[in-house]
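I've put the structures underneath this note.
Two complexes come next, and they have one chain in common, chain A, joined by chain B in the first and chain C in the second.
Up next is the complex of A and B:
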């Protein structure tokens, strides 16, 4: 049987003061996971406008006047959406890098340097996010 | 009495599946971001371009597999997080089946959308 440990609630006031790297990795992984599954539902809902759009005339589709193209183009035209997309990228990249780290830890790789690999995922997330800003913001102004 | 000799109990299988889907999603999510933000740009999206990609069988099947694995990984992750926070008893059963229902809705809606692009008349 698996053992369960009482870690206490992260919501307990000021408990974060005693956290170490591993606890932050756990919290960030959980937070980014919630954001990503929330986004997945929203993403499919927005993409679903392709269902009514598929019934449009070819000329309407070629002109980009269908409900799907119009929905995406108007959303992408909003600066707020572009900024949120950069946030989404940061969240996804951290979840992926930290997740890759967790997979390696599960395989017994890098057990002695878990703190370092967590900091490396944070730094790499920051670097990839900053480097992606021009691409994500292009055309928004 | 029948004995189970396998070390993989039900929880163990879900644990493994969470990690197998993680490894798959690492690659496919990176590909998805790269293709739809760096190769193609967000402000160039159109129904016909999305349809053009989805009409390719390999892309369609990759995206359906992406949807299935992402839904499993995300919803199972939420369930695990709630169980970690102390979810038990009837509440746990109710939330489990609510999450299963939400997953089914998400997958069905996602496949309907992919079919609409691919020109498969099942949507």
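Up next is the complex of A and C:
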């Protein structure tokens, strides 16, 4: 039936190469959606260090010696984290823009230019990401 | 143009036979020598021909998927190379037919109308689902890779089993049904121009299965109706002459678990359809129809 017939690696590779815009959009949307969920959990983990910090003395908080501040400061001190943040922004922006595109597709609006709206999402994502680099990387070196 | 089963075994037998004869006569030796020379000349000529064919700008190189479960030497899928003389306006189907008629009569593929009407020659050409008779050679990059449709069982060479596709088409009851008849017994069932215009594109399907083969969801979910069947359902669900009752029945088929909601709007089917049917658009419209049919706030 519709299971794929095994014609070896070469063919799988050629199929991979031949995706059209809509298929790439789907793959990227799936990927970015799951990355965002992954981020959501690490985000919760980092934020929850604020729970013990809330019990700390005012003096400790003012000195910035509580767990939460320490965690954030040390994380933001890592170049890797800064770079990952740029990546996260790219992922989130693409997911939002393409999500808007998908909502239009669901409403049956502009289906003939679905490929162009995908390319537009990509270009806009790229532009916004590049523009965000100075903000994220500032003081990292 | 090696399309035959490799001949190694035959050669091994020959040498064995030669060593067995204890005292070959002069005549035998001479004849054997002659045969060897003739063989060599033939091989040289073939190599030259292949070289010339490859160098000649007016030939196209085809790499065709071959597989035949019934012949022992062909059970391992492989690609055969054919050099076909190019003529203006040549389609992939023309080239395949030339290869079959001139080089290897065992090359197997379906075709009939040769004009994009019968839907029997959808294939995987250079990594995309194409109707071979509607695909111009000079629009393709060489070498041209021709394979059977992905996500379908290969029967032989470029022929795939279409049974599952036909089952899905039948599942949507692809024929006109109504219980609203015009008054006079011999009266025609007339359709408004606007309604005809609405379903026009959806009536064009030639059941080639290119869309089904291109669909990532259909590949993973055998029960998914697939783009062609949903388009067929659209063709009738949107036909006003069928009436409300039949439309309700059609919507039930359409909105079942493996119906329209499996579609993830990847647009692969719409890209490959040789009849330019806006499949995704039709599927999306049916999704909205299904929602409107079930959501009642008043």
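Please note the rule applied: the second predicted complex is superposed on the first by the 127 of 141 C-alpha atoms of A that agree within 3 Å, B and C clash if a C-alpha of one lies under 4 Å from a C-alpha of the other, contacts with A are read in each partner's own complex, and residues count from 1 in each chain.
Rule of thumb we're sticking to: a residue touches a chain if its C-beta (ideal position, glycine included) is under 8 Å from a C-beta of that chain, and two chains touch if they have at least 3 such contacts.
In this text, all values refer to a predicted model and were calculated from it rather than measured experimentally.
Enquirer: For A:62, select first, second, both or neither according to whether it touches chain B, chain C, the two together, or no partner.
Expert: Touch partner of A:62: chain B, not chain C.
Enquirer: Have a look and say if chain B or chain C is in touch with more residues of chain A.
Expert: Looking at chain A, the partner in contact with more of its residues is B.
Enquirer: Check whether A:114 is in contact with chain B, with chain C, with both or with neither, and answer first, second, both or neither.
Expert: Second partner only, chain C.
Enquirer: Kindly classify A:73 by the partners it touches after superposition: chain B alone (first), chain C alone (second), both, or neither?
Expert: It touches chain B, and chain C stays clear.
Enquirer: Tell me which partner A:106 touches in the superposition: chain B (first), chain C (second), both or neither.
Expert: Touch status of A:106: both partners.
Enquirer: Just checking: does A:50 make contact with chain B only, chain C only, both, or neither of them? Give me first, second, both or neither.
Expert: first
Enquirer: Just checking: does A:89 make contact with chain B only, chain C only, both, or neither of them? Give me first, second, both or neither.
Expert: A:89: touches chain B, not chain C.
Enquirer: One more residue to check, A:37. First (chain B), second (chain C), both or neither?
Expert: first
Enquirer: Let me test your reading of the model: by the given contact rule, A:20 touches which partner, first (chain B), second (chain C), both or neither?
Expert: After superposition on chain A, A:20 lies in contact with chain C alone.
Enquirer: In the superposed view, which residues of chain A touch chain B and also chain C?
Expert: In chain A, residues 2, 102, 106 are touched by chain B and also by chain C.
Enquirer: Can you list the residues on chain B that touch chain A in the complex?
Expert: Listed in rising order, the residues of chain B that touch chain A are 11, 19, 22-23, 25-26, 29-30, 33, 37-38, 41-43, 45-48, 50-51, 67, 70-71, 74-75, 77-78, 81, 85, 102, 106, 109-110, 112-113, 116-117, 119, 123.
Enquirer: In the complex of these two chains, what residues of chain A are touching chain C?
Expert: It comes out as residues 1-5, 7-8, 11, 14-15, 17-18, 20-23, 25-26, 102, 105-108, 111-112, 114-115.
Enquirer: What residues on chain C touch chain A, complex-wise?
Expert: Chain C reaches chain A through residues 65, 77, 126-128, 145, 147-148, 150-154, 164, 212, 216, 218-219, 222, 264-268, 270-271, 278, 280-281, 284-285, 287-288.
Enquirer: Which stretch or stretches of chain A touch chain B in the complex?
Expert: Contact set of chain A toward chain B: 2, 9, 30, 33-34, 36-37, 40-41, 44-45, 47-48, 50-51, 53-54, 56, 61-62, 64, 66, 68-69, 72-73, 76-77, 82, 85, 89, 92, 96, 99-100, 102-103, 106, 132, 135-136, 138-140.
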